[in-house]
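Structures are listed in the sections that come next.
In what follows, chain A forms one complex with chain B and a second complex with chain C.
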Partner chain A sequence: MIYMSSLLKDLRYILLLVQWDLMKIVRRVIFVAMRSTWFVIQVVFFGPVIAQMVNARGIGLDVSSYYNFYLLGIYTSILFTITASRAYDIAEEFEEGIIEYQLSLPMNRKILALGRAIGSGIASTLFTLPMFLTVIILAKEFDLLTIAISIVSALIFSIAISGFVLTTTLSIKSSDATDIIMGVLDAILIRLSTIFYPAVILKNIAPYYYAAIINPLSYLADLLRIFYSFEEFGEIVIVNPEAMASYILGLFIGFTVLAMYVIEKKIEGGGWR
Partner chain B sequence: MEVSEVKKLWLTALRDLERFANNKYWLAAQIAMNLADIFIFALVFRGFIKRDIVPDYLQYMTPGAVALASFVAAFSIGREVGMEVRRELVDYLLVLPMKRTTLVFGRILSGMLRGLVYQVPFIVIAMILLSPPTIGKTPILIATSIILTTTMSSLAIAVSTISRDFNIQATFRALTHYLLFFFSNVFYTRKALELRFPQPLPDIINIMPISIAADIYRWCFNYYQSIDIWQKLLALAIWGAILTLIATTIYLRNLTKR
Partner chain C sequence: MTEKAIEIINLVKKFGNFVAVDNISLTIYSGEIFGLLGPNGSGKTTTLLTIATVYKPTSGDVRVYGYSVVSDGDKVRKMVGIAFQEPKALGIDKPYDLLLWHAKVVGYSGEEARKVVKDVMEDLGLWEHRNKYFYQLSGGTRKKVEIAKVLIQKPKVAIFDEPTAQVDVVSKHYLWDKIKELKEEGSTIIIATNDMFEAERMCERIAIIYKGKVKAIGTIKELKDFVPLGDTIELELASYADQHVLDILSRFGKVRGLGNKVLIYVNRGEEVAIDIIDALRRSGVKIVRIMVKEPSLDDVFFYITGAKLKEEIS
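And now, the complex of A and B:
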């Protein structure tokens, strides 16, 4: 009975933290407008032109297949960028003393970490939902089960990245360092993955290929492609679907546990630079 | 001792240039992005792009990245001018003992200098990946950089002073950035555009200032053997003159607008 009551209390705290993150992202109207514009240009203009330029036949695709490949990659990239941008929110909260306030709340710090990671993940996934729907309309994918599995995968990935962002931002405690780390990570990880080009093309440059193999973005992008069409993309994805799903699940568990450990054992108020 | 307006203009520009280093974190992220575009994006796509459309994508894109680099850095002045408008620091600037036109052109000059400083390593990269410009092409390369950075600096300043609201400023800056970035021939050739989009879109993209500058850089670094260089340079100069004039007018007006 006591355990039940404690569990319900923890769940209530998590719910409150999720609400907090949802509220934060809703307020960022201008960020929404800018990211949406970037996405529209990517799918309407940049993607179609790049699809005309690449030698898709060389890897067994045609122009429209490559465009679908690109769409799912772009969705992954925007989900990652928006989740990583939560770092700026967290930095702002630290500057405003909100993190100290949250640390002083009468709740288990593990619950605080879990709630913030889940909240950030849900907020980022919801934010990108219209973009995901645009992608499935453009890619002509209407299978409800596939759509549901894709959204769940995106959510698990986003929670994992949120855990990483929480850990990094709260550990370095510096707005400037957060700015540079997130900016550089965004620039490098998106390009060193299978977002724009399949793994078989990356094999031409061994260091890039190995970087893509450990890059989380490659796994979500290729997993979504496999969900969309195994026949089309089965031969060109980075590893088999089971390994991709396991990787994303491992990432989720690893980064969430790491965030819980850092927030419970390492973080104290103050010291923000 | 009377200080000439030219010296005041120069001092204004130097003050802003010194403050360029304050943006080091923003700059580090921008440099990482520009380098990643060349050494990852273009290098990987080189093995994936059809040879009949672009024979060597790395060599095609690198001069484009030089053009992008100049406008990214020149845009940094827009962020600062926007902040001055928001925090009403413009009132302080207006009481400084200099003409308003001196202040305005000093800020544009500083954006230009920032763009040129930022561009230098990318020019070196282009010289290594393609080939160095000949003696005859060097003045044209310098002139192109000066015109382009001046134009972008003016544009960034004008866009950032349109409103006192940070959100509106950021939106306008981002939209201008996207427009210049994606609607240029930095990433794609005219042939690829023509395969996908009807006229006049490919033609319009080809006469955008970043496209013109990228084409001139490609010629300077010997990617193109021949282009109508004087026509391109004239077109860029016309773009520069028009945008700088409009931007100066907007900045002068917004300095005192309440």
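And now, the complex of A and C:
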């Protein structure tokens, strides 16, 4: 009974921390508007042009299929960028003393970490939802179960990345270092993945391929591709859907546990540079 | 006032090579208002933030009602509420939303939270500001929002870090009353302040902290007694205070004659004044007026820290 009551309390704290992130959503409107503009340019202009340029038939796809392949890659990259941008929000919160305030609140630090990672993931996924719906419309895929599973996959991925961002930003405690690390990660992870190019093509360039097959972005992008066009993309993605889903789940567990450990054991107020 | 609310045991807190708190030990008893007094950078805030588990001790420990901030942080946080020196909010926050969220986190249900937040905001004159953005608020109003968090929470241990800095005089007195009400309701209060008047008016016991160390601790009276020859007895005589009179008075302390007035610097002025009256009467010297002045807390503060500060500057 006591265990139940404690569990309910923790669940309440998590919901309140999610509410915290949703309350602050307004401060990111301009950033998201910029990324949305970039997204629109990609799907309306670059996507169709690239689909024409790529020799899709060489990998067993037609032009329209490659366009769909590209759309789901672009969506994954924007979800990652928006989630990673949480680092700047966390840096701002640290500078304004919000992290110190939250460290003083009557809740377990593990719950604080978990709540902030989930809240961050939900906020980021919500921001990208209009883009995701645009992708679905453009890809002409309207199966509700598939849509639900895709959104849950994106959310789990986003929470995992949030856990990583939370751990990194609070550990390095430096706005400048955060800028550099997140900028480099954004550039490297998006390029060294299957966001733009199928794994079957990357196999020809060994270092690129090996980087791509351990890259989390490859797994979400290819998983979404499988959900929407299994028949067409089945042969060109990294591994089977179960393995991709397991990888994303593992990432979620790994990074949230890491965030919980680091925030409980290592993080304290003060000392932001 | 016998139960120990907070025990600070050989607390050391370092930031890199900088020692912010240097082996502090002190006890704060349940139900008292305890003050931490010290110049900027003396370690007051670091000590408070360690009690609130925001900082981890480098060594030593703090026990809050027996629970260690090192090993029982969750239990400590359930008992402690803190109003930070700098209000903790983002510019886009609105006071009502912020306080409502805080009320829910500290355990109020939805309806209770709305009621207590409205009551406290109205009480502190914040209700009219409830939907403004934080960046639109004055420094004093922001400070009140920060204090409102603790008044809503009603924690077992309430910490206020410079609670009335930037607050106008009228509000300052009102906030002091509110903090005293919190004590009456059962909270143990810790106040860090630079304001001597605030310390003297609010605190039952005070620790003077300097360069991370506790230099003196006690009631206001005990601290004032700490200053050697700190009391001043001001005598007005019916006639000129000649050398004979000054010789009589110099037995009691350091004497300064100013015509028919004499200033005598002594310890425990009230007790000595009786002996002075007695001695002068026996010598046939007529006293027109006698006044005993205690040292101010400023004097105590300067005695303990001021001299050393001057040394540092020179």
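Everything below uses one rule, namely that the second predicted complex is superposed on the first by the 273 of 273 C-alpha atoms of A that agree within 3 Å, B and C clash if a C-alpha of one lies under 4 Å from a C-alpha of the other, contacts with A are read in each partner's own complex, and residues count from 1 in each chain.
Quick note on the criterion: a contact is a pair of C-beta atoms (placed from the backbone, for glycine too) under 8 Å apart; a residue touches a chain by one contact, two chains touch by 3 or more.
Keep in mind that this is a model prediction, so the values were computed, not measured.
> Tell me the contact category for A:E92 with respect to chain B and chain C: first, second, both or neither.
Once the two structures are laid over each other on A, A:E92 reaches chain C alone.
> In the superposed arrangement, does A:I30 touch chain B (first), chain C (second), both or neither?
Touch status of A:I30: first partner only.
> Quick one: classify A:L105 as touching chain B (first), chain C (second), both or neither.
Only chain C; A:L105 stays clear of chain B.
> With the two complexes superposed on chain A, say which partner A:V184 touches: chain B (first), chain C (second), both, or neither.
The first partner, chain B, only.
> Regarding the shared-chain residue A:D10, is it in contact with chain B (first), chain C (second), both, or neither?
Neither partner.
> Comparing chain C with chain B, which touches more residues belonging to chain A?
Between chain B and chain C, B touches the greater number of residues in chain A.
> Given the touch rule stated above, what does A:L202 touch, chain B (first), chain C (second), both, or neither?
first
> Indicate the residue numbers of chain A shared between its chain B interface and its chain C interface, in ascending order.
none
> Going by the contact rule set out above, which residues of chain A touch chain C in the complex?
By the definition above, chain A touches chain C via 13, 16, 19-20, 23-24, 26-27, 92-93, 96-98, 100-101, 103-109, 268-271.
> Quick check: in the complex, which residue numbers of chain B touch chain A?
Residues 25-26, 28-30, 32-33, 36-37, 40-41, 43-45, 47-50, 53-54, 167, 170-171, 174-175, 178, 182-183, 187-189, 192-193, 195-197 of chain B touch chain A in their complex.
> Considering the complex alone, what residue numbers of chain A touch chain B?
Checking each residue of chain A against chain B gives 29-30, 33-34, 37-38, 41, 45-46, 48-55, 58, 176-177, 179-180, 182-184, 186-188, 191-192, 196-197, 201-202, 204-205, 208.
> Show which residues of chain C lie in contact with chain A when the two form their complex.
Listed in rising order, the residues are 15, 49, 52-56, 73-74, 77-78, 80-82, 84, 86, 88-90, 92, 97, 101, 104-107.
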